[in-house]
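As structure tokens, here come the structures.
One chain, subunit A, links the two complexes that follow: it is found with subunit B in the first and with subunit C in the second.
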Partner chain A sequence: MVKYAFFLGCQIPMRLPNVEVAARKVFERLGVETVELLGYSCCPEPVVSRLIDEEAALVISARNITLAEDLGINMMTLCNGCYETLAEANEILKHDAEKRDKVNNILKRYGREYKGKIDIKHVIEVLYEDVGLGNIEKLVVKPQKIRVALHYGCHLYREYKSADIMRKPKMMREIVERTGAQVIDYGLERMCCGYPSMQASEEFSLKERLARKLSRINSAGVDAVVMACPACMIQFELGQVMLRPYGIQFNIPCINLMELLALSFGVPSKELLIELHRSPVQQLVKKLGV
Partner chain B sequence: MKTNTAEQKVLLYDPTRCTGCLFCQIACSYQHFKEIGLEKANLHIIFDDKTGEFEAIYCHHCDEPLCVAACPNEAAVKDEITGLVKINPIRCIGCKTCTVTCPLSAPWFNAERRVAVKCDFCDGDPKCAKFCSPQAIRVALRKEAWEFNRKRYLGV
Partner chain C sequence: MASPIESEIMNYLKSILGADLIEVYRQRERRIFANVKSEAVRRAIEALKNKYGDMRFMTLSAVDAGLDIEYLYHFHIDGIVLTIRTIRPKENPILESIADLVPAANFIEREISDLFGIRLVNHPEPEPAGLILTKDWPEDKRPLKKPFEGVLPSKARPVAEALMASGCVAPISAFVQKKREEAGLPKSAPFPFTDEKALSEYHGIIKLSGMGERAGFDWEKKKLRYK
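Coming up: the complex of A and B.
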């Protein structure tokens, strides 16, 4: 049985509990055992927190990693940002003895020590490498006969040891295809959703990033956008509402990869808290009759 | 010892990896101005709607920098040892000549400080490259950058 320490991060339990619900139902059916990481904190955020105080950011990440080390199992994240923060910290601390000593000196005060004994995996890697496409396909009882656009999210491209940056995005595409959905190319898959630039300029973020993507997605004639990252989900859903005062109107349903899997595994949509979506997912579900 | 041009570390941008997240600009702005913003950055990512491609405008720390040649007060200087081109804000008179002589307009005029500002390579650890998830902008040797850009722009 596949067993992972489950790092949920902040956005999913606080702002997108529907993603957590879907993920737990998917893991239950796939036989992925998730162990709760009691006492975890924010990962922290992958760029700004590290810019402001790299050492503090490393200590916070290291502390989270030690919680999984105590359990003696690898850690799995649902969020692209958490994945990059924790994988990056793990990479730095495993190879840089000087930084590791500094971090451990601080962790010592709290009775903890980073040992570098575990790996961090994104849920896409777990599904593709540990569960396998065949086992996913076996559980698909309600193939989702819909046309979908994919949005991978910037932090999913983070790779180490010069691996192909498309490694995880390709895995995600294959997983989505196994649910019966038809993936439609729209040409701007790699473009950022605009979530990071939202902190700098709302108008730029919405018009120059999100609206550009949505307009191409709209022309491609899809039923929904599927994504893996909670931050991108917030931008895609809330962003569509925030674009309205600028006179730009879109009405595209956005769902998380975990929700698409849960629906294809036959989980009834009323068990998935889809009413929490800010985009017209309820209409999509009605159309699908799930 | 004078730096060997081919072996000098420079920034190298690969548009086929860029997502346009602008974390490079945010990191640069915070590093130099302690501001989370897009304007006060020493590099800029632009998007061409026709080709659907990104392009980056950043300082290449030229061998024969036009900003240095044009500066009337020797504020822009190329360090012979590191090869980095920097603008000394104490010597800069804010004439903006460098901002127009640079073919990329890499130096820009900072209205608050009333001097020209440009990339200083973060003294060897460029934050733009450090925070780029897909490694679209990274630190490479100039000879790698020559080869990459020759292929990209000239196809040879």
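Coming up: the complex of A and C.
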């Protein structure tokens, strides 16, 4: 059985518990054992924390990593942002002795030490590398006969293990295809959804980023957008609502990869808190008859 | 390497100030900086004056750092320039005068008071304001006073506050808590705020990292000092 320290992040448990529920049901079926990280904190959120102090942000990441080191197992994140923050901190601290010493000087006051002994993985890597596509396919009892667009999320392109920034996006595409869904290319996959630029300009973020993507996705004639990042999910769903006052209307269902897997594994939609979605996912589920 | 007089001054400051001396260092040849808690500035100056009778007050500089005013007292002691640096919060803009100890500080304190809108405490002049500006100059339009702002732009402040106060940047609603329970999940994920010991450790680590200070976080109120 594959075993991971489960880093949930902030957005998923607090705003999108539907993603957490789906992930736990998927792990249960796939035999992925998750261990809770008691007392973990925000990874921390990279934009604001680095704006305050990059080295202090590194200390918070290091504390989170030590929680998994104490358990002696690798860490898995469900969120692209947490993945980038923690994997990057892990890389920096493994290779920069000066920064590691500074961080450990603070952590040692609380009996902690960053040792650089564990790996940080995105859930997509766990599904692809540890579980395997074959094992995922075996569990698909309700193939999702839908056309989907993929939004990978900027942080999924962050790569620490190879030079191929498409490594994890390609994995995600293959996983989605194993659920029976047909992936439709729309040409703007790599464009940011606009979530981070909401802090600078809401109008720019919604009209110049999100609306451009949604327009292409709409033209591609898909049933839904599948994504891996909770921040992108919030932007895609809430953004569709926020675009209405600008006279721009879309009605595209947005679901997380873990929800797509759970539905294809036959988990009844009523167990997945689908009603928390702000996009028409309930209609999609009705159409699929799950 | 510090000269005998430089070492003597630094060691003397350590001995008289103890924990009130935050840091003392030789920045370069014949140049010493001492970061001192604001409540100990007068004690330091008085002690130095008693020990070094020919100590000369050069000037006092003030710098508006957004949330605090930084004060730099420059002294000349036997060929060495010693700067005693302290900060005071702008929420309570007062400056305790040293003009009774060092009369030459009288005018510069009044100038700083006018230009930054700072109230002088225990100044020898009964009405120290109005040296540079007219006495009716508006309090909120002081030439060198900056807005009460920290490093964070307004939209980033709620995230920073939540990060430091609770360790989680996404506040949970009662509705989501209910939904979590319906789905068989605990009300919240195991963040630091769910456990007293974890929260105390988390806050301790943030304090030691300097993040709270740089962001302008008030640990008592668990909020940023600026809106």
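Here is the rule we use: the second predicted complex is superposed on the first by the 285 of 290 C-alpha atoms of A that agree within 3 Å, B and C clash if a C-alpha of one lies under 4 Å from a C-alpha of the other, contacts with A are read in each partner's own complex, and residues count from 1 in each chain.
Note that in this section contacts are C-beta pairs under 8 Å (C-beta built on N, C-alpha and C of every residue); 3 or more make two chains touch, one makes a residue touch a chain.
Note that this is a predicted model, so its numbers are computed, not measured.
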Contacts of A:Gly187 with subunit B and subunit C, given as first, second, both or neither: first
Which superposed partner A:Lys142 touches (first subunit B, second subunit C, both, neither): neither
Which of subunit B and subunit C A:Tyr110 touches, first, second, both or neither: second
First (subunit B), second (subunit C), both or neither touched by A:Ile52: both
Contacts of A:Leu273 with subunit B and subunit C, given as first, second, both or neither: second
Chain touching more of subunit A, residue-wise (subunit B, subunit C): C
Partner chain in contact with A:Ser197 - subunit B first, subunit C second, else both or neither: first
First (subunit B), second (subunit C), both or neither touched by A:Arg29: neither
Intersection of subunit A interface sets (partners subunit B, subunit C): 47-48, 51-52, 199-200
Sites on subunit A touched by subunit B in the complex: 46-48, 50-52, 84, 154-155, 157-159, 165, 187-188, 190-192, 196-197, 199-201, 204, 208-209, 212
Residue ranges of subunit B touching subunit A (in the complex, touch as defined): 17-23, 25-27, 29-31, 36-38, 47, 49, 52, 127, 131, 133-135
In the complex, subunit C residues that touch subunit A: 151-153, 155-156, 159-160, 163, 167-172, 176, 179-180, 182-183, 185, 188-192, 194-195, 197-198, 201-202, 204-206, 208-211, 214-215
Residues of subunit A defined as touching subunit C within the complex: 8, 10-11, 13-15, 17, 20-21, 24, 36-42, 44-45, 47-49, 51-53, 55-57, 59-60, 63, 106-107, 109-110, 198-200, 271, 273, 276
